[in-house]
Every structure is written in structure tokens, then in C-alpha cells.
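Two complexes, one shared chain (chain A), two partners (chain B, chain C).
Coming up: the complex of A and B.
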């Protein structure tokens, strides 16, 4: 905590040269280099604590993950030796990890389209009228900020095999019921439904923002071209112009879906068998319950590779539209 | 646009369909929340007797909520959540704002490198770093304490990025004028930049507090003592203790954990949406 204190000294210097700053450039030429030096010093002093913590809490740990992944280091161990890709060979040879990877991809492939379609439909419906907009937006966005651990507990009650509302409703309608979270065919799809339930409000607000940015004259032009039906305007103007937003939604929702953990931990613990095991839960269990550091680190590296690929895709996408100078 | 003002518009079929569909999807979305509240005011007998009614025949809310507040140390969990969120947010602003100011308003050697570091930081999910961070916490001897819950989040690359973007929109003249007035650089950060960037600060605060109030992954790893648990971890501990036999108090506890954020959200919907979408929505 000595870092922030050090700040108070150095940054005073530029203000001492403040009067020099007002001189025309020709007269200020001599102290210019000194001033540049004190400015650089001030800048690094201001950024110092952030730099220190970025190194200690992001860069060092990420190197650490790679080191643990390619060595045989164990918790509490004082020695380590290089084992190459042995940890990666181990996880890819493990049915549990392979199931976890496949489950995660299946989960993402259900959650992303589901979230996209429902989020878009609800955004279009909200935007198609003027009344109650913020009311509808609030309701649909609520699950996104509600504590997921607590809501997972509520979902467990809903999905309870005998007293849950879901099975009661199905039984009352004469439909077959299921033990949703204990059946290997339904556990993962049910988690995906909860994932869609949680994220669709997020997609909705992103789509609402995208819809607002469509200029009115494009609709007017479409009108003169004879596209006066709502469906025509949707097809010719709205959907094409929502393309970039949709790509953005796909990637951010995919990232969130890859990082799903809370519902697995509360509702299924990856079971039954490996039926609903997902990457982050595998990472947690292997690293911190079974204390298999090498295994856990290798899973972390695979997870990181997926997340970085997706994020870079997102950055490239955003770069086409906005530029940070 | 005058058509919109016409009272008959409300009766148009398209408007009726809009309300009908949105009310249906809205109701479906709220089912888990409503059912949670419903179970939290029902006695055990009614919970285990399958029924569709929201309101209980015998109101048992007082008993369930009392049990949630006393048998599970729920006030303690919520207090822990509050302390941890407040300390994380305070430290994040303290560390990020000066760095963002340097990046936005001072030209210095290494600035691009520093910005690249921030962008790489944005790229790294915290869960991937959990193993080395756990080892770091162990080496520092701070596991199983507030410090363990807080330290990974002291710096937020997203916070630096967001503040930098906002600081850049503040004219340089403002900074020059402040320097002429004899303000030090650090004084400019706290007295000029941060107050002027209040919308960004609020958006970031909501992003940070919601994220850490709801976080389960990291507390699960570093905290064992019940007295240190933040709300999500507390809910899991309570659930494990009750072993699924006592739904009422568990639902009451879940309701109480969700409640503060929901109230804040309903009171400041626009700010929440802006904060939680990371400024993607203006």
C-alpha cells in the first residue's frame, strides 16, 4: 500500500513548471526536455500502482498457469520438473475432460442461438410500440442481474421431480414428466434453458440499442420503395442493419456461456455421470477439490485458448466499426 | 408520427398482439422469481403438497424469514458481501483512475505498452488465473479472509479502459487550466477528471458491485469460514446444511440475497443497463 503514497510527491513537479507552459514554444524550448522528463515521471507515478497490480495479478499468474501446465508441480511442492505436454495428453485422454469439452460446446451451441432469437424477438416487439417500453425491458433484463446462485436454488425447486411446478404443470396437462436434473438426457439441456433465461435480457438491450441507431430515413426510403408492411421493412432494413450487432451479441453471449459455472455447481455438480460437466466446473474441481494442479492448469490453458480466440474475433469485429485512437 | 397519438391505436390488433406476447414472455421469465417468493412464505406442509397457488393457505413468511435470518447467518453473509464489494470498488477506482488519466491526457514513453497491457488484461478471464492467484494468496498467508476475497480484483483492466475512454472526451483545455491554477496531476485526477466523468464512474460501480455481489467462483475457492462468506457462498452453505428438507427458509434466504440488487435495479434501470453492458449501450 506504499504505492499510492508515493504519488503525492512526484506529480507536483509538472505544476511547478506550469508557468513555463504558457510561454510561446520558442522561448520554452530549453526546459522542454526537462518538462518532458518530469511529465513522463508523473505519468508513470500515476500509473504505478495499476502497473504493479496488472503485473502481479494478471501477467505473473498467466505465466504461472502455463508453467504449472507443462511441469509436474503440485500444491505445496518445492520442486518442479518439465514434463512437456504430458498434462495435455492426460486431459485429452480422460473421458471426463472430453465429455466436459463436448458438453460445453453443446451448451454454447444451444444457449447462443436461443438467446439471440429470443433477445431479438423481444427487442423487436418492445421497439414496435411506444407504450410500457421500460416496463417490458426491466422484466426481461431482471434475470441477468439477479444473483445466479440464488436463482439456481429457485430453479431447483421449480424442477423438483415431485413437488416442482414444472412437473406439476406437465402432469396436469397429461404430458410426461422427468427428473430433469438427475436424467443424463435432460440435465445439460435444462442448464442451457436456464442459460438462455439468464442471458436473453442482455441480448435484448444490445438489440434495442442497435435498433435505435437505425436512421429513420432508411425506413422512409423503404416506404417510398413500397415496403410498407412491417414484415417487409423488417426484411429489407432492420435485419440487415442489425448484422454487426448480432455478431457482437453472438460473441459476448458465447463468452458468457463458456464461463458458466454457478448453475453447474448448484444444480448438478456435473452429473449424472459427466452428463452436465462443463469446462469451468472441471477446472474448479480438479484444481481445488482434487488438488490436481497440472490437470487443472492444462484445463485452464485450453479454456484460455477458447476465450482468447473468441475475444479476438470480437475485437476485430468492433474495430471495423469504432476506432480507439 | 401523429398517428401514434391517436387513442384508437391502443386497440389496433398489432398493439394487442405486442402486449399479449410481451406480457406472456415477461410472465414466463418471472416464474422462477415468483415461485421463489411464493415458496418463501409457505409452510413445509404446503410446499410438499403440490399446488399451483401463489399465495399460501397459511401464511408462513414470518417463520421462514426469521429462520433464514437466524439459523443461517444471513445478515453476516450480506454484510460480508457489502464490505467486500465496497472495498473492491474503492480500491479499483483508486488504482484505475490515475492510470486512466495518464493514458488519456499525458504523452509519455511507454504509454502504448501500458495500454497494450491493459488490453491484454481485458482479454484474460479471472477463472483461468485462479490457480496461481490461489498460490499467491497462500504465499501471502491471506487465504480465508477478506483480503483473499478482494486482492485479485484490486486493479480492473475494464475500469482503466472505461475511464480512459471517458477522460479522452474531456477537453485538454480543462487540464491546462487546472495546471495553471497550480493543481498537481493527482489533484487533477480526483478534483477535475473523476467528478467530470461521473457517468463512467457510476456505470463502472454498478458493473463492479453487481459482478462481485453475485460471484461464486472465487469465494468458493478461498473462503472456508462461514463468518467470511459472501451471499452466494452462504446460500450454498445453507442449502448443504438443510439438505433439501427445508425449502421455505432456503427460498427466503435466496429472496433476501437477490432483493438488494433488484430494488436498486428497478430504481435506476437505465444506469444498470448501461453499467452491465459495459457501456455498449448508451
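Coming up: the complex of A and C.
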């Protein structure tokens, strides 16, 4: 609908500029205003489709969630009434939600540092070696590419209490075994380990790219300055210059960790009890299994608030310390 | 303070031979420049000297001490890099203090928080700060100590890089094209500062550059390198006026030296481009030679004849006091350039016929392999005077 406008606007332009040349300066203001208007119209026509879809697909749903969060609407229900902040009072009074929130935070606090440290370690190992680099890169990147739901089946088999490889190995070495996914002390840590395993390759690829971009001159300078031991080189050159990459890895992995859903759904269903329940899983169950849309929307609002706050805080804090300008 | 001796260094990268038996000895306190086009191996030689790369064969010693198996930090050398290689996350003070911290503080004392609590750390750190401040002040960057490299101009970064090298009083300064990232004006200024620094510190400098102006102005001696070999090592004036090799003569001097093919007619006479020059060459009659004539060795002559080359003017470049006259010799395949005094040649125009006389004692002779043939001084001198009379 907006495109014909843009088309008529364009041929007008040359004639408008043509008239400017013949008019005295005092009268030239009107065509100039008209040209500015045409330009604005063209700009909106060009940005229009993107703006429309952005509104329809991102902003409207978010507003919808905020609205539903202050109603008692049930999915498929024909009536609703506004209940104010009752849903929020309810979720924060709910032990299940509180457990889910704490679990999510614990999970993120394990997965982010774990991914960062091991991703960097593997990147440094691959970079320091000479042979089979692309093989190691590919094999570590594989978990990130694969569908986690499918991979979760393999993990389930590995962690099976009796026939699983993990317990059989532990038993053979005379170490204590556990029912990893059904024990409330191990369920969440095991999910976190799987989370690290999955994100590791992504972090590694980013770190490898970051390592490549460090100028060799800096290592040479460190050598002549006396910082030539592995740890000194790491502290003087490698780690500081990986700062920007690390910031990116932390943000992306933290967001992915907050959103983890598939391992919970496939492996533990949040159990035993609420031991491995996480925000997105709670959100899914309340909204789509119990059809409590108002409650679910309130969880979604909390989730959104956490993610947005986290992103802004990380960008603000780390940007200042990591870009050396 | 130390002398440096480099003994038949070889270096290959795969099948490519980068250095082919380079030997050089540098005196204590000397300013030696390695000069050559890019890819000639000069930077590699410097990096081998610094210990950043290992030679495949040959040996090095700095101050009578063999350093072949020593790590860079043990060689008592400091290096200034083309990119400056400043640590972007550290302040100027930390950048300059790093070599001292690495040397004087133990690994534990360098730990981020814990290190400060260990005995002695505070005292040593204060000493380092004082030395850094003193060095920075002497370089005129005392007010920049709290800044990060990203906030500095090119010239300031250059000074910080020099300061980081100076602060630990190395026996040898190694500089790898330190001025090539600066703009032309700043380059001239920093060139003077480096010269001054060398005079003030009195230590050995090894300086790598592809810029002959830097090499000529800074050095006590220039080592001209090409294709992994040293062609000539001599003071700047000698490199210019008395090159050993055709490639040295062609590399040094701007505008470039004119090269003409000539044939020895008889003892003391060489036929060149339709004229005959009276030059004593140590070669048999009929031998083919190359004559190298610097643009300023030409002077204006009134008419053709012996000792005078005749051509037509192609282009004139006015340089203020001098004119660069590009002219084609009859039958010559490439234009020659003569540098003439502007006041002596006021009305030369393109297309005009030009007669230029040549000072025989300024002609450099090269054999067909590019090696320099020295003129027979006595007979050469004897024939110079009449020719010059004719030319004037």
C-alpha cells in the first residue's frame, strides 16, 4: 500500500529541485519543505515493512503477555477479569516457582563460568597444537550443532542407573554410583554439565577467532619484556585481549542458559520434586499443560525482566572495562 | 653497552632461503642501520638478534657473550616494534613498567591482590614507578602516564614504545621500522629524536628500515641487504658515493642513479650512447660495462662532443634550487635524469635538445655481473681536466 506513494514521490523530486533554481531565495523555502516531506515519506515507505513486522511479531506479543499477566484468563476461556498484581503475588508465594527461579540462577552460575573456562582451555589447546586442528574444532562444535533433544537421549542412556556407561565405569573403578537424573542432589548439576557440554563448542569457536586476532607483535613484546612463561603471556596478552570476545561469550551463554528447556523436558521433567525445575519449563507447564495463562504470563514477565536486566547490566558494565579506547 | 657480532647466519622458511650467511660486527655504541627493500630479510635478522626467531645456522654474540641459546629476555636487548606493540589494556605507566616488574618482582609478588601484601613488593613497586616517571619525563610523556595507548596519538605511542625499551637500560636497542606508521612531518621530527636519544644513551642501536633517508641521516654505518645477503656495510657517505655493487647504487639515491651501457674502446675511453667518455676502466677493449651516473654528476654543456651526452628533453621538474631534467638519449631505451642548478639552466623546455657533460670521476663502473669496477685513479684523474675544460 505504501509502495505507490514512494513511486509517485520519486519523479516529483527532480521537478521540485528544478523550480528551486528559478525561484528567488525567499520563495525557495516551500519546495524545500515539500522535498523534506517527500524524503520522510520515502524513508517510512522503505522502513515500513520491517516496522510492521517488528510491531506485529515482537512488540504486540510482549504487550499481550503483560496484559494477560494482570488477568485471570484461562487458555481458551471466553471471559476474563483484571486481577491486578494477584498473579505476581501468587507466583512469588508459590514454593514451586521460587524453587524454579533459584534452580535457574544456580544453573546459569554453573554453566556460564564452566563454559567460559573450558571453552577457553580447549581453544588454547587447539591453538597451541599443530596437527588435526580442524578435526578437534569440528568435534567440539558438534554438540552445539546437534539437536539437544536427540542428544538428550544419548545422555539418558549414559546416565541410566543400572546399564548406563557412567555408573558401570564408576562401579568398575570402585567408586560410588548414583541415580543421576532421579536424585534431587545430582539432577540439576547433571543438567548443568550437559549445558556446558552443549555450549562449549560455541564458546571455543569464538575464542579461537579471538585468539587469531591477537597481533603476534604483542607476544613478541611480552617475550622481550620478560613475560615469556606460559602463565605470564596468558595474563599479559592473551586474557586481556580476549576481553571483548569473553564479554560476548558470557552474554550469549548466559541467555542460552536462562532459556534452557529441552534437557529439562526430556530428561527430568523438573523432577524429582522441583529439584531440576527451571523458569522456562515452569512457564511451559503452567501455560500449556495446566492452561493457567495468567499465571504463565506472570512467569513470562519475570523471565523477561531478568533477561533484559541481565543483558543491559552486562553490556554496560563490561563494555567499559573491556574495550580499551 | 655491548658490541654485537653476527656470524654467518642462515635462515630458511620451508624452501625459501631468507638469510644466506649474513656476517656483521657492530661496535659498542654504534648506530647501525639494516637497509633494504621489503622481503630482503632485514627484519628477520633483527628478530633473530632479539631471540624471537632461531637461526638455522650461524652464531650470535652480544658483548662477548654467546646468546644463541638464550631467551629474548636474557639477551639484554630491547625492541621497538613497527606497530609499537603496546598492551592496549594497560596504562602508559604499566606498559613502561612491565619489563621492570617482570624482572624485579617474583611470580607471587606479581599476583593481582595478594602480591601487594608480600614483603618488599611495595618498596620495589615504588622504585619502578619512580624510574618509569623519570624515563617518561625525559621523553616528554610524563603527563600521559595514566592514559591508555588507545587515547594517544601516533607520535606519543612511539615515545611510549621507546620508553618501554629504555626503562631497563638494555645493552642493545633493536628498532624495527619504528617510524613507518607516522606521517611524514612527524617522521622527520622523531628521526631527530632517535638520533638525539642515541647520542644521549651511547648504547648500541640496530635499526631496520626501508627508508634510505632514515638510514642516511641516522646511521654511523649502513648495511645494505638484498635477497638475504649483505651487499655492503659502510658509512652513509661511502654507500652513496662509492657503492660496491650495482644494486646498492640503484637502491640508494633519489632520483635513482642513471644506468647506461657502454663499451670500452681503448684504455681510458668508453663509448656510450653515441659519445665517448674519457674514463679509465680496468677492462679490456671491447668489454661491455654499465656506467652509473648520479643525476647531480651531470652539468650543462653548450655543444656536443667528447665527454658530452646529447638528448632531447622529455620533462622538467622544478625543485626550487634544482631542476630534475628527464631526457632521452638518441637510441636510449629509458630516460635519464639530470639534476641541474636552476640558475644555470633557466630556459630549458620540453622537446629541446640538451647537451650535458659528465664528470668522469663521478662515473661508477659496473661489470656485467653488477660488481663495481674501480677506476684507475691516476690515469682517470689525468684525463679529467681537459674534458672538464671542454665541457664548461
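Just so it is clear, the second predicted complex is superposed on the first by the 260 of 325 C-alpha atoms of A that agree within 3 Å, B and C clash if a C-alpha of one lies under 4 Å from a C-alpha of the other, contacts with A are read in each partner's own complex, and residues count from 1 in each chain.
Here, a residue touches a chain if its C-beta (ideal position, glycine included) is under 8 Å from a C-beta of that chain, and two chains touch if they have at least 3 such contacts.
Worth saying up front: this structure is predicted, and the values here are computed from it rather than measured.
Engineer: Looking at chain A, does chain B or chain C touch a larger number of its residues?
Structural biologist: For chain A, the partner with the higher number of touched residues is B.
Engineer: In the superposed arrangement, does A:236 touch chain B (first), chain C (second), both or neither?
Structural biologist: A:236 contacts chain C only, not chain B.
Engineer: Between chain B (first) and chain C (second), which, if any, makes contact with A:158: first, second, both or neither?
Structural biologist: first
Engineer: Kindly classify A:226 by the partners it touches after superposition: chain B alone (first), chain C alone (second), both, or neither?
Structural biologist: second
Engineer: May I ask you to decide whether A:218 touches chain B, chain C, both, or neither, giving the answer as first, second, both or neither?
Structural biologist: second
Engineer: Report, in rising order, the residues of chain A that make contact with chain B in one complex and with chain C in the other.
Structural biologist: 324
Engineer: Touching chain A in the complex: which residues of chain B?
Structural biologist: The touching residues are 4, 10, 14-15, 18-19, 21-22, 25-26, 29-33, 35-36, 39, 47-50, 52, 94-96, 98-99, 101-103, 106-111, 114, 117-118, 120-125, 127-136, 151-152, 154-155, 157, 160, 165, 176, 179-180, 182-186, 189, 210, 213-214, 216-217, 220-221, 231-233, 235-236, 239, 247, 250-251, 253-255, 257-258, 261-262, 265-266, 269, 272-273, 276-277, 280-282.
Engineer: Which chain C residues qualify as touching chain A in the complex?
Structural biologist: 47, 50-52, 71-73, 77-79, 81-83, 85-90, 98-99, 102-103, 107, 148-151, 164
Engineer: Which residues of chain A touch chain B in their complex?
Structural biologist: These residues of chain A touch chain B: 4, 7-8, 11-12, 14-15, 18, 21-22, 39-40, 42-44, 46-47, 49-51, 53-54, 56-62, 64-65, 68, 75, 118, 122, 125-126, 128-132, 134, 136-151, 153-155, 157-158, 162-163, 165, 168-169, 172, 197, 200-202, 205-206, 208-209, 230, 248, 259, 261-262, 265-266, 280, 283-284, 287-288, 293, 296-297, 300-301, 303-304, 307-308, 311-312, 324.
Engineer: What residues on chain A touch chain C, complex-wise?
Structural biologist: Its residues touching chain C are 215, 217-218, 220-221, 223-228, 231-232, 236-237, 240-241, 243, 324-325.
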